[in-house]
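Worksheet: the structure to be examined is printed underneath.
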Amino acid sequence: MIVVLDQGCSLKDKAAVVRQIEQQGGRLLVSVVGKETHIGLIDSVAQSLATTISEMPGVAEIRPVAPPYPHVSREHQPEPTEVRVGDVVIGGRETVVIAGPCSVESRDQLEAVARSVAADGARMLRGGAFKPRSSPYSFQGLGEEGLALLSHMSVETGLPVVTEVVAPEDVDLVGRYADMLQIGARNMQNFRLLSAVGGHEKPVLLKRGISSTVEELLLAAEYVVSAGNPRVVLCERGIRTFETTTRNTLDISAVPVLKERTHLPVMVDPSHAAGQRDLVPHLARAGIAGGADGLIVEVHNDPDSALSDGPQSLTLDGFGEMMSQLAAISAAMGRPLVRVLS
Amino acid sequence: MIVVLDQGCSLKDKAAVVRQIEQQGGRLLVSVVGKETHIGLIDSVAQSLATTISEMPGVAEIRPVAPPYPHVSREHQPEPTEVRVGDVVIGGRETVVIAGPCSVESRDQLEAVARSVAADGARMLRGGAFKPRSSPYSFQGLGEEGLALLSHMSVETGLPVVTEVVAPEDVDLVGRYADMLQIGARNMQNFRLLSAVGGHEKPVLLKRGISSTVEELLLAAEYVVSAGNPRVVLCERGIRTFETTTRNTLDISAVPVLKERTHLPVMVDPSHAAGQRDLVPHLARAGIAGGADGLIVEVHNDPDSALSDGPQSLTLDGFGEMMSQLAAISAAMGRPLVRVLS
Amino acid sequence: MIVVLDQGCSLKDKAAVVRQIEQQGGRLLVSVVGKETHIGLIDSVAQSLATTISEMPGVAEIRPVAPPYPHVSREHQPEPTEVRVGDVVIGGRETVVIAGPCSVESRDQLEAVARSVAADGARMLRGGAFKPRSSPYSFQGLGEEGLALLSHMSVETGLPVVTEVVAPEDVDLVGRYADMLQIGARNMQNFRLLSAVGGHEKPVLLKRGISSTVEELLLAAEYVVSAGNPRVVLCERGIRTFETTTRNTLDISAVPVLKERTHLPVMVDPSHAAGQRDLVPHLARAGIAGGADGLIVEVHNDPDSALSDGPQSLTLDGFGEMMSQLAAISAAMGRPLVRVLS
Amino acid sequence: MIVVLDQGCSLKDKAAVVRQIEQQGGRLLVSVVGKETHIGLIDSVAQSLATTISEMPGVAEIRPVAPPYPHVSREHQPEPTEVRVGDVVIGGRETVVIAGPCSVESRDQLEAVARSVAADGARMLRGGAFKPRSSPYSFQGLGEEGLALLSHMSVETGLPVVTEVVAPEDVDLVGRYADMLQIGARNMQNFRLLSAVGGHEKPVLLKRGISSTVEELLLAAEYVVSAGNPRVVLCERGIRTFETTTRNTLDISAVPVLKERTHLPVMVDPSHAAGQRDLVPHLARAGIAGGADGLIVEVHNDPDSALSDGPQSLTLDGFGEMMSQLAAISAAMGRPLVRVLS
């Protein structure tokens, strides 16, 4: 249940509502969405309490929480959300491709990749500085040094930067360098982290966990939006199934299912789904044809010596070829790739 | 291991090879592929036997069975197989769409659907006469009466017909009426049935089991081809995963993976994967953009009163709209939909 | 909906009921369960028809089909079914262990295994004569020769025999040699085969498909029982999941879930679930402790040269050790292993 | 690769080794395990560097990292680890049952549950104060107030307490109140959190993620142990599969698989796996019979009004009955439940 306050609701009235709920043992969560102040109540609140509250001064409306992710649902907001990152708009008329290396490894590597993907039509740059790795003995990223390299290349190429943040205490640091904060698949249910990026002003790219349902992804987005940050882009990146010929199974159906349930933009990450380079262009085309607003793709200037995810990284040439194919599919979908002259 | 005989190998020489294998306790499987006669041996045959046989008269070659599906593998035959059904070619330059009701229910129903999908560009007609159903109390199909209706509408519309066969003893019956024999997902590992359609002259549409791996699908195709019928088309139709917002999870990656491993054509069934009508066009577009040679789609003139699979059947109008979208995507892929004037 | 006829219902009355249903376009399925004659109607029959039929002569009762597997549900029959195979009772007070090789390979092999497992407390003998194999080049079983060997060893040891039947046309043949007919996991939804064993008088061991839900397993059992054969034993043997350290994932929870929903006995096959020998005793103990009525286990006198499933077959000694452990667990469960003196 | 230093290695020698690695661009991770200092190197280090380092002063040994989780592997340490929590030993001869409510809700609730489970043989108390919940509108736990209640009841009953910690910044706080730190399934790959508890002196209960492989669980344990905390207990709590009759699918095979690969103790959580109360005792028995060192079970004095996980919580009486059954199974396994007189 969500209590929506009058826009001019006094602090005193608001406090009375909160006190009323707490006296009944209810727990709550206050958030500001646009100009509205929302008080979210926990599931188990009695109907009698709902009636009492609906009649208190300052209360505009009581909304049952159905669907369970009120802020991000299409019912709540029928028109699609466009998320602006620098001068790029995700969820608008344009198909947006984000590209870059899995990990930032060095200035030379990042520069080679960034200049090449920019020339081939990428609209944003990706690259990991903090890497969550299954093994403590795998490369964990360059940290702040990597962030500085990303920021530098962003200025050089004009491409806004997205990079992963793995812990609440890093959000401010990453937010100083990056234009968009990525929540990785493993952290999709790291609720403290979701709340932390929900309190930041930079937009968020939220990846689906490898075994998370569509509903859980929407609830994770609800954590971010209800904490105050409405600029969330969702990303399908493959789920874990019995099939082993691919690293994960791209759940292409999740794209139209998400578009039906939420107003947030939806992207596809064909690289992590495939796990091998030669499949990436096929999944990329399928993603756009399935209705995605864009793609995030791993590209490396020398994949064979990459410190992470080499096998699934496109070569520079491979990325160029893929973009040619995508130009045709995007045009057929009525949402063209835009080439920016620099 | 496969023993390939000389094309002019005498019956006597052939018998000697067979006897040699059987005397060593080996089991075998004889098949004719094109002009070649193949003797497939079971896995556990000793290397010594292989050497002996390779030196016998009439033996052209010994091929190790690697990959385990020699007849259907790309290694065995690099160029793609085109499967002709009536005047339709699957796996050629054209994108082929098969459409029709889940079950044949009546002459009126079938006629309404068949004429409409033909007008909108479907190139083949589908419809079930023998329905494998999870419950013994669900509608099991019209049987031969349904086959006769399909055959009649095929003549009326000029569309070749594909329909499911569920048991070896029905293969001849179904083959008399249909232009293509469908093996459903539940029967993908019904090896007797695979062998039976492998002994028939009609082409086969082989659907992937809902929890079968890509390798198991290729081995199932190998059963059909090694039994003598090389005209097999594979079909991805969704796999079973933890996600419940869709009936199954369309494994779009399986399309490029299959195209890489086999020379056989690959189709996509977006209807069974989705389980709900509104998702079908999105998955259909993704399938074609992902590289499929065609689609098989369920369409009904009155889905709400369908005896099976109503929720996932497109309406007649919905099919027309989907075909307009597909025309653009197929053209972008360089494999257009072909409109046949009748 | 199930129409239960009066026990003395005349043929004429029965025919009238059938005609009434067919005139309304209803499809039906007649079965005899104990002394009752049941007419099962397809789902889509109108309520008005139900009312009409309930008032016809010879009709005892109309049962709504809820749950969808009326014959096998606990609601239908609260007390557990005991299935007798020879002098063995599955589902009674005793814990029953079935053991034997995956495939019957030779007289010597079968004799060595059968005598050893009998001495160690196995109460029934298993062994495959018709083997469904993923690859057409794998060993497919000895066929009737294997059946004859099983039957011979059954006489020698006093152990009733269960063996797999893979096609409707083989049911009579297998039924002549075997005491119990096994439906393998791949054929759990081979509905023709289910109907065929439903028409036979021998009891049936029905294995769960690797990606079948509990509900689908119960519906498969309903096919057999509604076709006239109430002597069905269910078997959990592992499902397909993302985890690859085991061949399949033993769904131990399915045991109590099944016991709650059906009155049929439930066994566990730890061998196929594990896929490796050393795990089998652990899963066997867990199965019994989880409430299973018995186990079916693969044992080989020389696993390393087995023609199928060697890695998961227990050695003769390994089986003996496992039985010692099971004796303690079964006793703790109040359902002891019974040692038969021969 | 792991560099093991001499036990008396000087700081200067250690620094030289580190410098040598870093000059070659290698990344490293220093940990102290017992009396040994380990320097873990990232995967991509050249063999030449390994040779150089092995010859430097202060270096005792170079261990290839195979298996990838060296500290927790059985190869590394054949004898089982016993983890002491207060006066309870997990992984020893005794079967240990941990019980308590999902969430700490109030003093009365916790007291009722704690006294009852203690009387029935529970050896440790569980209860959540910080709850990770899929929805931001669900009850998130009492926080420090809950910790204080747990600590109080621990003193009252003599039961050591385990409770979940969800963020690195909470580790010290939780560690002040609790005897054991729980890492929940959703945080199994929250690597910052793993490192944080790895730096604490309290033992850790590490739950498997719902879609984590056995190998990923062992790698997560390696994060904790390699960060300096060897007192880790693993917990299987069900994985996500296609089956929906249970909340998750208890992967009972993971118990013997883990026992084979690691020396760490392994527990089973039947409550989260089942998701419904009536299945819990069956899974609990199966877990012990499958070889687990203990169980962690949810119990509530009034499950119908629980703020979280009510449907899967045992009643007080239900827990008592379960313990009677477990006493028999544990005894049959030779690892009895121990009753402590208070």
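Before moving on, here are some points about what is shown:
We call the chains A, B, C and D, going by the order they appear; numbering starts again at 1 in every chain.
We adopt the following convention: contacts are C-beta pairs under 8 Å (C-beta built on N, C-alpha and C of every residue); 3 or more make two chains touch, one makes a residue touch a chain.
Fair warning: this is a prediction, and the values are worked out from it, not measured in the lab.
Note on interfaces A-C and A-D: more C-beta pairs are in contact across A-D. To find the repeat of C-D among B-C, B-D or A-B, check which pair has over half of the same contact pairs by residue number; it is A-B. Centroids of subunit A and subunit C (each the mean of its C-alpha atoms) stand 49 Å apart.
Look at where the CA atoms of subunit A average out and do the same for subunit B: the two points lie 39 Å apart. Distance between chain centres (mean CA atoms), subunit A to subunit D: 31 Å. Counting partners per residue, subunit A has 211, 240-242, 244 as the residues that reach two or more other chains. Against subunit B, in their complex, subunit D makes its touches with residues 211, 240-242, 244.
Taken in their complex, subunit C has these residues touching subunit D: 211, 213-215, 239, 241-246, 249-257, 260, 273-274, 278-279, 282-283, 285-291, 328-329, 331-333. By the touch criterion given at the top, residues 1, 27, 29, 40-44, 65, 68-69, 132-140, 166-169, 186-187, 189-192, 209-211, 216, 219-220, 222-223, 226-227, 240, 307 of subunit B touch subunit C in their complex.
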